[in-house]
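Given below, in the form of structure tokens, are the structures.
Each of the two complexes below includes chain A, the first together with chain B, the second together with chain C.
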Partner chain A sequence: METSAIGQARPQINAREKVLGRARYAGDLKLAGMLHARLLRAPHAHARIVSVDTSAARALAGVRAVATGADVPDRRWGVGHKQQHVLARGVVRFVGEEVAAVVAETPEIAEEALDLIRVEYEELAPLLDPALSLDPGVPQVHEGGNLSEEINIDRGDVDAAFAGADLIHEETYTTHSQYPGYMEPMATLAEVDGAGRLNVWTSTQSVFLARQRLAEALDRPISSIRVIQPTVGGGFGGKIIEERSSVIAAFLATLVDRPVRLGLSRLDDILSGCFSVPATIRLKMGMTRDGTIVAKEVDILADCGAYAGLAGEVMTVTAMRSDNMQRIRNIRTRARLVYTHTMPRGAFRGFGGAQMSFALNSHMATMAEMLGLDVIELHRKNAIGPGETSVHDWKIGSCELPACLDQVSEAIGWGEKRSRAKAGGVLRRGVGMAAAMHVSGNRTIGNWDGSTILLKVNEDGRAVVHTGESDMGQGAFTMLAQICAETLGIPVAHVTVAAPDTDNSPYCIGTLASRVTINGGMAMVKAAEEARATILAAAAAKLGCDAEDLALVDGVIRSADGAHTAPLAEICRYHIYRHGGEGIYVKGSHDPQTVRFDGDFRGNIAPAYSFAAQAVEVEVDTETGQVRLVETYLSDDCGVAINPLAVHGQSNGAAVQALGWTLYEELHFEGGRVINGNLADYTMATADAVPMMHSMIVEGYEPNGPLGAKGASETAILPGAAAIANAVYDAIGVRITDLPITPEKILAGLAELEEASLA
Partner chain B sequence: MRNLDYLEPESLDEALRMLADYGDEAAVFAGGTALLLAMRQRMLAPGIVVALGGLSALRGIGYTPEAGLRIGALSRHSEIARADIVREHYPVLAKVAAGLANPQVRNQGTIGGNLCYGDPATDPPSVLVALDAELEIAGRSGTRRVAMADFLVDYFTTALEPGEILTAIHLPPVTPGRVGHYKRHLRTPAEHRPVANVALTLTERGGLWDDVRLVIGAATPVAQSMARAAAALTGQAITLDLAAEAARIAAEDLTPVSDARGSAAFRRQVVRATVRRIVAEAAGLDWSEAAA
Partner chain C sequence: MSHHWISLTLNGETIEAEVPANRLLSDFLRDQLALTGTKRGCETGVCGACSILIDGEVSKSCLSLAVQAHGKTITTVEGLAQGQALHVLQAAFMEHGGLQCGYCTPGFLIAAADLLSRNTSPDDAEIRKALSGNICRCTGYQGIVDAVRAAAENLNGT
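The block that comes next holds the complex of A and B.
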């Protein structure tokens, strides 16, 4: 090959079909005789379902089935807490909970039938404020109280360390819930085929987790279900295992003898709620005069809404992940997850890291100022390094955090901008930065984090990769094709990655925890190496030479001295003929050398850890409170960037999503009802609302990763909020501790400053 | 969405007759950008939609020195923004049309639909009031003309009677020396709709402003003319102090709306800042040095 398949900026292998409109999403799929489903949602945050009368809906011409909680399996489903029925039974616990479903000949008929369903509710007092959830006498969301989970971590001697600190600072930070905002709202097509198997095409981040969940929720054997992944238009955590519509769609397919499609409108998708976990974080930190962090005390109250889902895991990340970024030994953390009568919250890109990153980095900036230190120096001083073991026993492999700090500070002109005189005008500028870490992989779904690749090399020398890891737009298939091409010795264009399908793909966990590049990629290396060895052995037999003397480069097998050569296709055919018709069909599995948390949240859960830093400049309009992002530089330590274009795309996208969370997006509730559940009023960033995004890569080498790579993308969402909040403080001296940073909060902060200066 | 009948009249008369025949059940459809959203959110549920697309009487943009500018109600925002006639005679209106919403809405939404929907969070009303626009409205009994200021009645309410169709917007012939300015403010850069906007028209005489009109939109249930603030700016040398004073008066006189996009106090604050800025900019002054 002229150039290596690795490290080259290349478009996604599935980009062309997407821009041509040829990629097929679940909502595009049609099967003969297909019916359409629509959902009836609860209008109350908390109510008893007294009765449901579906007779008029059933009587409507074209309606094939109407289902309510009375029709669904008794078995409850859930992640850790088994709490949900396929449709609400007895009680509704949030506005938008699915109470009934209609299957009809057309979407319009289904919609009309929804209006004919009569539900009588007895309204009950809702619990809407998580801060009240543990008070005596408040409404209970589930039997057994409103506390879903509690974590306590105690390391070192916190009290002694605080006693020895020169500076102690305490502050409470609040973060809000963000909509994943993927381009493709949830869609599912499901059918029970003639053999009685349930076939499901759904927009998911993991076909195998989807199958497992369907088996549980529909109470049927795993192998009676087949889940196939069509093209997925983004997930951001919302399509792992918490969304409910695919479960409902699959259930509805079991009621009729025809395929059923359920595609959510954007309004429906927002109401069905896969929002991030909002957390209130009280953070107390002690430092010595030179900026060494000596003690930390954390108290977290997180709101999972009506059902726990993955929120407990998310909260664990909020509670402890960022501890591992720094050399700190004395930590006391309490984190509590509580229920409210609001939409369920859960997994979201960054998986809880962004919440604590906002608190920690805001705190670091404040304490740096109190000590008269530069915050970048403060980060550098406390940063963990390669080869070190963190307070929770994480073994840090590659770590380029200092290089990330250098890169962003140089790019934005940190020293110069920090030292410039503060102008007094109406529009004031400031700079801010933040740093963060994330896992690449996580041994959390059972005691394994493995991945398997099945690799077929066809009789023409081209390869087909089978994987259960999913590409939801982030570039996993391109990454696998690049690694396959590089390791095997064929052009990237000769690699096809087959869509995940539980009947045909090897078992995999799926796309979460930034685990696919590092674990799926390692499995890919192993499979490709084995295929190459098989091919070279066959070539050696055919050409009459030693396999060690042969190399496979760009689809051609050649001996070192050039005496023997053969096209790959010829050897692949030869292998088939000489092995009783057996083609080249190998598998590679990889399970990293990691451990699960012990009972005390210790243990090296990931094969590698990624780091990132971001520096931004903002302009604050002191008369209107508007904050404008002027510049942003984000530096990602993702090991070797297998595809720099994809890394930049992920980093920029993450930075935009963080910007939206910090300045633009905010859910508004009225009595538990979302009142801005549409994209005109819930304003995600559009192209004209972002400045030029600068993404940079610090290339390290991760020994545990495929060809030196580790995860990218999730780390990049973590620093944005604090970087912006710190820049706002730098600009106007107002410290915003509750997200989002709204114009009203800016104006109130300025008014307070003025009052204080007059006092 | 319900099944509905989609009617395509070929003349204004036919359209008016349909509206008369079907009464409350019918809704007029121009570009559909507002109507379809309202139907999808189930705020409106018409059984019959009367599409205006085939009515040539509602199209076209023309100017004569005697009658001034006539903009057909079906003109899309992007057409107004691009029209040479508008850019020449009423550049401020072209600027408003070019800067509102987003490209999709500008290419599909019409000025008529914008005005008839009566949504306060829009741009054209304030500038049309400041430009002394008149609306041409057709009904079964003939055509009437209504001043823009009278057309806007309240939050989502206009002077349009049931069965009437807005056919055109008229602007008077241009007077020499008369200029217009416009400024909108977005709550955040990710919003498309203004939280407040200000239109300012004036005639410059000997370095002083005369015949000043200052109109606030989006922050109020309907575009609000600020007579006291305009008076303060009339016949005076414009300084930053005077701009700030006019802004203070406008904010004081404001009847703000209060909703999820901004509380009343916030709207007042934004109006104050925006008025100060537009006045300063119109006078060639730099407002960014000192706050109000």
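The block that comes next holds the complex of A and C.
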């Protein structure tokens, strides 16, 4: 091949259909006879459902079905905690909880019918503040109390280490909930076909986890359900297994003998959507004079809202992931997850890492200043390195964190900007940085993290890849096509990746934990190697030479001496004719050599770990309190970048998402009710609000990854908030410890400084 | 609900259709004409996923009624390419990482087409301002800005 299939910027293999407007998302799909569903949501944060009268709604012309909690399966579904019915039964636990559903001939009729449903509630006192959740006498969200989960981790001798520290600093940081904000609101099309099977097209990050959850929630056999993934318009963690609308849509399809589509409006999606887990983090850290971290004590209170979902797993990440980035040995951590009568929270890009990254990196910057050290040197001093085993027994393979630190500090002119004289005036600039780590893969969903690829090489020499791993927009299919092309020896354009479909795809976990490139990619390497060996053996038989002398390059088979040559298509046809009609159809499976956490949260859970650093410059308007991001440089250690265009796109998108969380996005509640459930009032950054994004890649080589690659993208969302907070501090001397950083907090901080200076 | 006959030029073809008086233009395009490239993202005129060109100017189709399209010339994302030949913006979005999940892409393409029809050599600030009525959650906008700049340069032969 003239150029390698990997390592160069390459458009997504499905980019053309996307720019043509012809990619089909779940809400674009239509089946003959399709009906439309709409949902009635609870207006109270906590109430008993006294009665539901659906008679008028049922009587409306064009209404085909009305369902309430009385109609749904008795079995409760959930991730770890089995807490939810398909529709609320008996009690509602947050404003927006789905109480009833209508299926009708048109969306307009369904909406009209919702207005005719009469629900009588007995309002109950809600618990809205997680800080009060464990107090005696407060409202209980579930029987068994408001504590959902508690974890405790104790490593080394924390008290002795603190006693020996030269500097101890303690601070409490609060982080808020972020909406994933995928541009495609949740949509599902479901039908029970003539054979009685339930077919579901839904916007999901995992068809197999979706099928498993539907089987549980609808209480029917797994194999009676088929889940097919259309093009997905973004997920960011919110479309793994916590959203509820696909479950409701599938249930409604079982009530009627026609297809049902449920497309959420943006308000619906926000009210039911899976926001990230807000956490309050008390962090106490001890260092020796030279900046070595000797002890850490952490106390976390996280809020999962009304139902636990994946929030327990998210909190575990908040509690211990960043410990593994540094050589610290003495740690005491307590983390508690509590219920409130608010919307359920859970998985979101970074999976709890961003919360602690904000606290840790804010803390490191503060302590660096106290010790008179440069924070970048502090990171470098404590950074774990390749070949080391962390405090929680994580085995670090490749690690280019020091190179990431070099890259961002050089790019932004760190030394020069840090040492410049502080100008007064209205607009003041400052720089800040942060560093973070993330997993590539995670052995937590059952005791495995495997992936399988089925690879078919057609009679024309072109390949079809079958996978259960999902492309939600991040470019997973392109990554697989590139690895397939590179390993097999055909052009990328000759590879098609079939959309995940539980009937036709091999079982895979799906897109979460930055696991698809490393684990799906390894399965792809194995499958392509198997196909190549099969092809070369067939070619050797046909050409009368040794397979070892043959190579497959750019779709052509050649012997080293040039004496033998054959187009791939010819050998593929030959294989069919001479192997009893068997085409080239092989599989590759990969389950990394990792372990599940033991009872004490120890164990190497991922085959590789990714690192990132970010440096930013901000400008603070001291009159209005506005913070503007002036420059940002983000460096990602993702191993070999299979597709740099995709890595840069992921890093830039993550950096802007982090910027939104830090400065612009804030969910507002009033009595448990979301009062800014629309994109005008929940403000995600637009193009004019962000500067040129500089994304950089430090290429290492990950020995456990496909062609040297590991996960990209999630790591990149982790450093942003602290980098901005640190830059704000550098600019104006105000340390913001509670996100988001709003103009009000900036002005209050400045006023406090002024008062202190006058005192 | 009263119904109305409307006539308009859509992606270069004259079409006639009967629409209910309250049908949104975005719903008319998507549900009645199966032009699903125009997306529903917020239905409040904020996200721009439903952007189309009406008489050459960018407009959010969730904010107008189908009956208001009577007599107008409309271009949706499906009307940008000429047969198999991509519009210069479509090719640039592909090449420069102007899209990931693709859901916002039709709206951005339309907003960018509107910009380039008014300003053939926009600088980055002008590009960002022209695209500020659209939201993308995947790209951080850099790939989109790069793509629009490259498309303008391509059109100008620079």
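Methods note: the second predicted complex is superposed on the first by the 759 of 759 C-alpha atoms of A that agree within 3 Å, B and C clash if a C-alpha of one lies under 4 Å from a C-alpha of the other, contacts with A are read in each partner's own complex, and residues count from 1 in each chain.
Quick note on the criterion: contacts are C-beta pairs under 8 Å (C-beta built on N, C-alpha and C of every residue); 3 or more make two chains touch, one makes a residue touch a chain.
These numbers come from a predicted model, not from an experiment.
J.: Per the contact definition in the header, classify A:592: touching chain B only (first), chain C only (second), both, or neither.
T.: A:592 contacts neither chain B nor chain C.
J.: After superposition on the shared chain, which partner residues are touched by A:278: those of chain B (first), chain C (second), both, or neither?
T.: In the superposition, A:278 contacts neither chain B nor chain C.
J.: Once chain A of both complexes is superposed, is A:686 in touch with chain B (first), chain C (second), both, or neither?
T.: A:686: touches chain B and chain C.
J.: Is A:425 in contact with chain B, with chain C, with both, or with neither (first, second, both, neither)?
T.: A:425 sits against chain B, while chain C stays out of touch.
J.: Looking only at chain A, is it chain B or chain C that touches more of its residues?
T.: C
J.: Looking at A:747, would you say it contacts chain B, chain C, both, or neither? Reply first, second, both or neither.
T.: first
J.: Looking at A:237, would you say it contacts chain B, chain C, both, or neither? Reply first, second, both or neither.
T.: After superposition on chain A, A:237 lies in contact with neither partner.
J.: Answer with first, second, both or neither: which of chain B and chain C does A:675 touch in the superposed model?
T.: It touches chain B, and chain C stays clear.
J.: Which residues of chain A are in contact with chain B in one complex and with chain C in the other?
T.: Dual-contact residues (chain A): 265, 678, 680, 684, 686, 688-689.
J.: For chain A, which residues count as touching chain C in their complex?
T.: It is residues 9, 11-12, 14-25, 27-28, 30, 180-185, 231-234, 236, 263, 265-266, 472-475, 645-646, 648-657, 678-680, 684, 686-690, 692-693, 695 of chain A that touch chain C.
J.: Inside the complex, what are the residues of chain C that reach chain A?
T.: Those residues of chain C that touch chain A are 30, 34-44, 46-47, 49, 76-78, 81, 86, 90-91, 93-95, 97, 99-106, 109, 124-125, 127-129, 131-145.
J.: So in the complex, the part of chain B that touches chain A is made up of which residues?
T.: 1-3, 37, 40-41, 102, 185-193, 260-263, 266, 269-270, 272-274, 276, 287-292
J.: Can you list the chain A residues touching chain B in their complex?
T.: Of all residues in chain A, those touching chain B are 108, 111-112, 265, 267, 424-427, 621-629, 660, 663-665, 668, 675-676, 678, 680-681, 683-686, 688-689, 743-744, 747.
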